[in-house]
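One structure below.
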Amino acid sequence: MVGADLANLANEAALLAARRNHDKVEMADFTDSLEKILLGAPRGIVLGPEDRERTAYHESGHALVGMLTPEADPVRKVSIIPRGQALGVTLSTPDSDRVSYSTEELEARIRVSLGGRVAEEVVYGKITTGAESDLQQLTEIARQMVGRWGMSEKVGPIVILPGDGQPAPFPGTSELSPETKALIDDEVHRIVEEAHAEVTQLLTEHRDQLDGLAHALLETEALDAPAAYAAAGVPLRTAELEATVTSDPA
Amino acid sequence: MVGADLANLANEAALLAARRNHDKVEMADFTDSLEKILLGAPRGIVLGPEDRERTAYHESGHALVGMLTPEADPVRKVSIIPRGQALGVTLSTPDSDRVSYSTEELEARIRVSLGGRVAEEVVYGKITTGAESDLQQLTEIARQMVGRWGMSEKVGPIVILPGDGQPAPFPGTSELSPETKALIDDEVHRIVEEAHAEVTQLLTEHRDQLDGLAHALLETEALDAPAAYAAAGVPLRTAELEATVTSDPA
Amino acid sequence: MVGADLANLANEAALLAARRNHDKVEMADFTDSLEKILLGAPRGIVLGPEDRERTAYHESGHALVGMLTPEADPVRKVSIIPRGQALGVTLSTPDSDRVSYSTEELEARIRVSLGGRVAEEVVYGKITTGAESDLQQLTEIARQMVGRWGMSEKVGPIVILPGDGQPAPFPGTSELSPETKALIDDEVHRIVEEAHAEVTQLLTEHRDQLDGLAHALLETEALDAPAAYAAAGVPLRTAELEATVTSDPA
Amino acid sequence: MVGADLANLANEAALLAARRNHDKVEMADFTDSLEKILLGAPRGIVLGPEDRERTAYHESGHALVGMLTPEADPVRKVSIIPRGQALGVTLSTPDSDRVSYSTEELEARIRVSLGGRVAEEVVYGKITTGAESDLQQLTEIARQMVGRWGMSEKVGPIVILPGDGQPAPFPGTSELSPETKALIDDEVHRIVEEAHAEVTQLLTEHRDQLDGLAHALLETEALDAPAAYAAAGVPLRTAELEATVTSDPA
Amino acid sequence: MVGADLANLANEAALLAARRNHDKVEMADFTDSLEKILLGAPRGIVLGPEDRERTAYHESGHALVGMLTPEADPVRKVSIIPRGQALGVTLSTPDSDRVSYSTEELEARIRVSLGGRVAEEVVYGKITTGAESDLQQLTEIARQMVGRWGMSEKVGPIVILPGDGQPAPFPGTSELSPETKALIDDEVHRIVEEAHAEVTQLLTEHRDQLDGLAHALLETEALDAPAAYAAAGVPLRTAELEATVTSDPA
Amino acid sequence: MVGADLANLANEAALLAARRNHDKVEMADFTDSLEKILLGAPRGIVLGPEDRERTAYHESGHALVGMLTPEADPVRKVSIIPRGQALGVTLSTPDSDRVSYSTEELEARIRVSLGGRVAEEVVYGKITTGAESDLQQLTEIARQMVGRWGMSEKVGPIVILPGDGQPAPFPGTSELSPETKALIDDEVHRIVEEAHAEVTQLLTEHRDQLDGLAHALLETEALDAPAAYAAAGVPLRTAELEATVTSDPA
């Protein structure tokens, strides 16, 4: 987020607080405004009960994996109100402006992205097309880990994949050998499969908490951090606690 | 279908109802209008008796597989009146706005797409070029299952194929390894071949029903859902029943 | 042929009939007009005796294979009058507007296309560059059988090759695996080689009829269907008979 | 040669005959004009004695292979007067307008193209860059034999290489399998290597005639067909004899 | 640096000296101006304590490897003041205008580039995305060593990779064989892995010096050459000594 | 060199002779003008003593290999005055306008190009980036020998690589098989490695002469042919002798 984004967010939050007759801008005004800016206004479509439940489990999967993974960015909000292209949203933002990510933190992001799909697998034994954008995001992270950030031991600290909007990182890398391409594909596959196995085990073991969070979500449609952590039976992290404290007196 | 499409459909149906001197817009006015919007006006060409019979079996194959496959979208209408590029049409639309598809539902769509060709194989022992657009559609579904929706266990929950109008899903995936390309091709082949075997068995076992439906179609040229299910000897699903009830009093 | 083509054909045939002082437009006026529209006006070049004989055998090969292959489109006319780029022409058109082709009919078209070259092989033991456009046509049919029409059992009912003017059938198929490319090439090779073996056997066994047709062609330069079938000693099919009858009283 | 080319040639020949005070246009006026049109005016550069001798043997190699290969186009003229990019020229044109070429005639053209380089190998034991355009021409013939004219038994009567100015012969052939590419490369290599072995044997066995032709060329710079055949000790073919007779009375 | 760059640098340094009330332009005015020109003005963002410490170790890693590697360009300045996209900077410039680099000097540059990442590995046991531009730079050096500068014994003194902004070094090299591509990838991998092993050993053995430099940097944010070498306990090289002497009397 | 180049050269030489108060244009005026036209005016940069010595050995390596290789073009001038992008230059031009090159002469050019780098290897045991343009030039020669001039026995007299500014030599060669690409790469590697071994042996055996030439160059900065051959202790070839005689009386 750059300055203009922050100004926009502050503005939106102030307008929202005014519409809600708040004396001052509260934390909820900020997170609701952030959600609107990131995803667009609510879509006004009504999901059938099956789709609604599935979405609740999907978002609960994202959120619970985020809550239970120490290296993951803290969960700020979970919602099953359709916005833009999304049927629901789990908002996870870091405690402060991140300047870099470690291997463990990126693996945590991959696991959180897998959480929605794995929740559907664990609960319904089914896979749906609904996780497409999650898979797209986690594949991109895994490929950059391997090809740009030197996080695959087999590839080594070498940049072999292009960044955004570039055909190749520099002259001479546009055509990798078939062996190197296979190594990249294999390493990406390994990273994602390991994460998938771990997330499956995590959500299977914490099935009760997943149910609790999903049911709370079905009831209230949107949960702030404290409510979400409470519904999942996971203690709030310091960061969330602080954020909550800050907004409480408002 | 977005709002403008619905407005257009409602308009067409109203005009059609007026031309037919209906007191109010009936279900048949809606499905006929939908057919016209999707496929274009009738082409006015006259098929020879062989082509006409083959087309009847082709459409009956689509329709019967749709009726007998629980995960398939319900069949709304079957017709052998040539429209646009199509010699006939089997209209299958979901009960409600779908927000996602499960593996099983996509496999059902592949099977319905194969139904036309397999009916020709079962009845005539011949393959014709007439199924080209069916094959194109089912191949696209199978490739997306494997490359975008994470529905191949061997590929895993990874996005490796581009979506519509994109050269690659993101930087670094435009050049997959030969092994990964072979894995995709193999998985697509496996999915389609399995579906083909199942549809062949299904239509062979239900040959009587296929004949019944085809003959009814040859006689009347177009069948609404109740007539089509009756001709095929398949009980109407709840969804079709409701739709029928709604339009009956009109 | 669309409406405008038919109008053009009717016009040309009427003009030709007038120039020939026919009371009404005869069948020959139609086929001659069709030939002119498809291939251009006669070129006015004079072939040497060797080229002329080779051309007669080449066209007779196309025509005789067409006459002896039940699934082939009926032969309408054979000529060794050079037109446009072609030194001769064998006109084969279906009995009625075709809406699709079966595997057997496409294999018949491949065989008819091979007939010219194989006739040269059988008669002269030589191959020339003259069959280039025939080979181009039959290769295209064979590749579409394998890659678009699902007519190769090994490939299955899958679309993996692009249609006309498209780089790829849809996203994700622009880069097939080397194994799939090899499978396509192998299947195309198999289809064409099988056809080549059959056509070689056919023309070797029917060498007398080939000679008869070629000699008749060398004498008269152009043969209508009845004359061509008579010269080849092949009974006219019902379709040709009907066409002949229709034009006779004129 | 189309009509305009012929008109141009006739014009040039008439002008040349006038400049030479000929009573009528002689054969030599025609071949000299043809040479000028095909290759441009003499360049006026003076070759050193080594380059001049090497050029004489190079052109004699082309010409002698042409004279000794029955399927080759007859040799019309040999010259070591530099024109355009060429240091010398061997003019070989067919007896009449060719409408097609047989495998044997194309192999003969490859051999004639190799004649220049092989002469240098046989005489000097050296290879030079001077044969580049010959190699380019013969490779193109060999590739078309294999990939467009169905003249490789292993490839079969299939078109797999594009013609002039086209990226691919038709949809679906732009990406051949590695095996098919290797087959094409192997067949082209085989055709050219066989021709190379035969031409090497031919010029080694006919070394005396090669020397005779080269020496005559060094003396007179340009030889018409009768002089060239005489210098090489090869009897003129009927075609050349006729051409000579026709021009003699002039 | 060309003339205009030098003029710009002199100007910036003079302005800076004036703002600092220096009687004449001092060495520090020059290096500070150079830093600003190369990286942009300080960004004004405040790093958290963890990121700040990690950055200090990252820059100290670059600097200490530079100080301990004889073939490396001398270290001029180390800083953890964020500028442009960079969180810190280690300024290493050669003693004089370089006209070429030896294999050993390029390997030294690769090692210095690896120093930041390896310091993080050694100190925290973690890899982060922060070294991306370092990896990009060292991969480019390694690829050019192998593909343009003939510094891989297995590849030999051959140019097989394109330079900047070129698709291929010259005609015929745009498509290397898979084996050659694999050889390039392997050699690049070998060079970088060897450097990585050496740098890891170096920083592990000199951990005390790394700590000393990092702590000094955390305290003062920016160190000139003398202060940096002192903090790391490495004797200044002659080149740095001279530079220091020159600027001292100012 | 075409006419306009020669006119330009003559003009430059005349102006230079005038500035030097020569009565007529001398040989040195011509070679100095040629150097200026080919490389640009002197750059005015001052090399450090190490770079200067390395450059002297580099140019001496080119020159000595040229003097000792019979098939190489004669050496006209050696200089270590930086011009354009070059730190020094060894001018080698053929005795007369070349119309073609033999395999041996091209191998000689490759050896001369390698001379600079090998001299550095032999004298300093080091490889630098300074030979990049030499390597580019010799690789291009080797690739054309293999792919365009038929000088690799394994490839045969076939053109498989494009010439300047062309994507492919003709239709059907833009995509060679992996095997053929590997064959080209191997043959290029073999040619260059053989030349490298020979040049290394040559310069090791003639180390004294290399030192003599380099020292003379360090003293005088530029040597004409007679001075260079004398310093290297190599007798002038006839061609150089003649050139010298011609210019002596001036």
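In this document, chain identifiers A, B, C, D, E and F correspond to the written order of the chains, with residue numbering beginning at 1 in each.
Throughout what follows, contacts are C-beta pairs under 8 Å (C-beta built on N, C-alpha and C of every residue); 3 or more make two chains touch, one makes a residue touch a chain.
Note that the structure is predicted; figures quoted are calculated from it, not measured.
Seen from the Cα centre of chain E, the chain whose own Cα centre is farthest off is C. Shared residue numbers account for under half of those found at the interface formed by chain A and chain B, and the copies are therefore classed as meeting with different residues.
Rounded to whole angstrom units, the spacing between the C-alpha centres of chain A and chain F is 62. Mean C-alpha position of chain A lies 72 Å from that of chain D. One inter-chain figure worth recording: chain C and chain F are separated by 62 Å, centre to centre, where each centre is the mean of the chain's CA atoms. Each of residues 148, 175-176, 178 in chain D touches at least two other chains.
If the chains shown are joined wherever they touch, the resulting network closes on itself as one ring, and no chain has more or fewer than two partners. From chain E, with chain F next, the chains follow one another around the ring as E, F, D, C, B, A.
Residues of chain C that touch chain B in their complex: 96-97, 99-104, 106, 148-151, 155-160, 169-173, 175-180.
For chain A in complex with chain B, the touching residues are 45, 47-48, 51, 54, 87, 114, 117, 126-132, 135-136, 138-140, 142-144, 147-148, 161-166, 175-176, 178, 181-182, 184-185, 188-189, 192-193, 196.
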